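In the two complexes below, chain A is the common chain; its partner is chain B in one and chain C in the other.
Moving on, here comes the complex of A and B:
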């Protein structure tokens, strides 16, 4: 027992526990940002200006169509190189060597992102930042599609009435359409949230050491030569713990989303809203 | 003229910065005794000690980075770190994509490990880590190859019967076989690869020369052999 408590509090395990915070932080940052991407995407897709609408629809179609893993592998490297290329052009205009030499991607030292001399935590934060952007773009596309559907599901009579009252198109959108669409979008968005929770292990593809990486590393066989805490293949127990963690996360989210749904259904012309009306009058 | 002076000054300045720049060392951290994560969560092992010593001799400021084996070469060429020091054997295929310093361990045999002595390593199912020289060897030997992303998984495959045997560096297998009553070395050892070296971008000739010189100096004064013996990673020079 004492052995186990010492084992569970050694340095590597603190990195393991810290990675849980990393995953939670990713969720906390990505969810609103992705929702923002989705909102803008949906607004663009239903725009009356054709190029904007094409842009919105193109974003939704392309990102939704590309497999997540391919997107994560390719996009992050491309994004990183795009940043460095831009900085290279601005910061080192005198550079004459080609940026691509065979397989190598070479920019001047000053254009490196983060700078080669930056401490390791800066590199890790930068990697985390790239992860947030990538997750947001991917999940933003799905969210855009859901919100687009939600906007169209708002009864048309509501919009016509708003127009009849003399509201401008902008007013109709912000005051009538947006507040009412959430109830239609929420089931789809809650699905996305669940998928996002489960997609966090993809972080490891992006070089961020997440809980799955540490579970694999810590659970692996340790021989007494290289550690004070030798043990056999314990990966099963570590992954069991992750299973419980993920199930707990999704369960808590389910409860939260149910409460939110109830709140949004108030006064809506939907089956859920009707049920609430009956409850309050009865 | 004025412009010329300015550019030379700028060049001198950037050269000065490049000199003092940190060299980022990429490793896998899952291949004891070569490189692994110790109880404190830090990178440790033969290559950690070797790398730190080489950096001291080459007067470089080094920083350690962990990276998955699968993507260790792509991340080097795209500039996320400057050196691969991860027990990587020097092979012609890899040499087409990146450059290697001179080897810091001599070519050493790989070994088969299995649960029983009567395994057919020429025709059975053999586990190896993806993208290693061992995987390449098994694929050509006529045995059925099963690949895994990490070294740990190749051992687990033998334990649970998914593979008949695993082929890997002998120094990696030895401590595992020592502590496991069921696993044992089988068949003949296979000589593979041209020794282990540091992987460096092809365009980074200057860095390669610095490390070559540092490795040579460690070979000359015998300190490299001491390190090899201490960590039991291979035979000595």
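Moving on, here comes the complex of A and C:
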């Protein structure tokens, strides 16, 4: 027992625990950003200008047909290259060699991201930053799909009434449509939140040292040569712990979302809202 | 080397037939198309096998979860929660290391640590849980009148389930089940990126796509090819499941036939 408590608090384990924070940070950052992407995407899909609407609809459609892992692996490299390419064009305008030389992607030293001389933490943060953008793009498309559906579910009479009151299109959108669409979008969004939670271990594939990385590292067989705490192959137990961690996250989210749904249903013209009204008046 | 030659060499590379060494330099478009397509064999294998076996367990789980008996209901509920509540990626990892430690004590578990069986079991259990939940939802929305009519005809127990409940459940669940099938095929790309090793570089489509992306440092060719294959696969699934849907709904009057609408709600 003593051994275990020492083992579980040694240096590398703190990195393991810190990686849980990384996952939570990813969730905390990605969720609002993806929601923002989704909102813009849904607005674009609703637009009356055809090219904008095609753009929005295309964005929604393309992410659905293809496995999300493929997108993750694609965007991480693609975004990195896009950033470096842009910097290369701005910072080294007199560079004449082509950027793609056979199998290499060459940019000038000053355009490297992060700079070769940058400290370790900058590299890690940059990797994390890329991961956040990738997650946001992919989940933004999913969110756009859900929000687009939510916007269309708002009863049309509401919008007509707004028009009858002399509201402009912009006013109708912000004052009538947006406040009401959430309750219709929430089931889809909560599903999305669950999917997002369950997608976080994919951080590992993006090269971030996340919980999967550490569970593999720490669980592997250790001999007394390298550590004071030799043990056999414990990776199974580490992953069992991760499994339980995720189950806990799911359960907590389920309960939280249930509460949120209840609050949002207040005073809405839906079955849920009607139920609440009866509960309070009875 | 002509493209036919490449297809002969690499067309079945993912199952170990043909050229042993993967191309190392000067990748042609043809090589990328062939190898990634060859990898799709694994995706189709995992998807089809998991769906075919998972279907039966899913039916059992749905009936179990709807059962009034606590001893049947609780295990089904827990099973579904366990597999739907945790990431598939972690499930793969856990299963692999679990089988690995089983193998140490019982050598007969050797096959379980290779992808073709080990990963298939995980996918089978996973899709059974997701489809079980879908079927359960459908089971609860079977029109009351149908069951009452069955009772009036003197049907009960097995024959009522076989002739009334089950077909109706399938009919109601089918659009959502199609959705689940699509996402299951997408999920098969995770196999070789979790712990399961791609023995002799026999991997799935994403494995080869990322191989090319790593070698050429150019993601703009292999991933669109992969996307092309998956969109094709998705269309095939939608078509195939659409035919089944037509068959399931064939007795309904034409006006009431619900057109299959794919609201691709994310399953995972």
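Basically, the second predicted complex is superposed on the first by the 282 of 282 C-alpha atoms of A that agree within 3 Å, B and C clash if a C-alpha of one lies under 4 Å from a C-alpha of the other, contacts with A are read in each partner's own complex, and residues count from 1 in each chain.
By our rule, contacts are C-beta pairs under 8 Å (C-beta built on N, C-alpha and C of every residue); 3 or more make two chains touch, one makes a residue touch a chain.
Since this is a predicted model, take the numbers as computed values, not measurements.
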* To do: State whether A:188 touches chain B only (first), chain C only (second), both chains, or neither.
  => second
* Would you sort A:19 into first (chain B), second (chain C), both or neither based on which partner it touches? => neither
* Quick one: classify A:198 as touching chain B (first), chain C (second), both or neither. => second
* Asked: Who does A:265 touch here: chain B (first), chain C (second), both, or neither?
  -> neither
* To do: Identify the partner contact of A:172: answer first if only chain B is touched, second if only chain C is, both if each is, neither if none is.
  => neither
* To do: Name the contact category of A:247: first (chain B only), second (chain C only), both, or neither.
  => second
* Asked: Which partner does A:233 contact after superposing on A: first (chain B), second (chain C), both, neither?
  -> both
* To do: With the two complexes superposed on chain A, say which partner A:120 touches: chain B (first), chain C (second), both, or neither.
  => first
* Asked: In the superposed arrangement, does A:77 touch chain B (first), chain C (second), both or neither?
  -> both
* Structure fact -> The shared contact residues of chain A with chain B and chain C are 77, 81, 103-105, 204, 216, 233, 235
* To do: Can you check the complex and tell me which residues of chain C touch chain A?
  => 25, 81-82, 84-91, 93-94, 97-98, 100-101, 186-187, 189-190, 193, 195, 206, 209-210, 213, 215-220, 223, 226-227, 230-231, 234, 263-266, 268
* Asked: Which residues, counting only chain B, touch chain A once they are in their complex?
  -> 7, 10, 14, 17-18, 20-22, 24, 29-30, 32-33, 36-42, 44-45, 61, 63-68, 71, 74-75, 77-80, 82, 97-98, 150, 152, 155-156, 159, 175-176, 178-179, 201-203
* Asked: Mind pulling up the chain A residues that touch chain B in the complex?
  -> 10-12, 14-15, 77, 80-81, 84, 94, 101-110, 112, 116-117, 119-120, 123, 204, 207, 209, 216-217, 220-221, 223-230, 233, 235
* Asked: Taking the complex as given, what residues does chain A use to touch chain C?
  -> 64-70, 73-74, 77-78, 81, 100, 103-105, 142, 145, 149, 188, 191-192, 195, 197-202, 204-205, 212, 215-216, 219, 233, 235-236, 239-240, 242-243, 246-247, 250-251
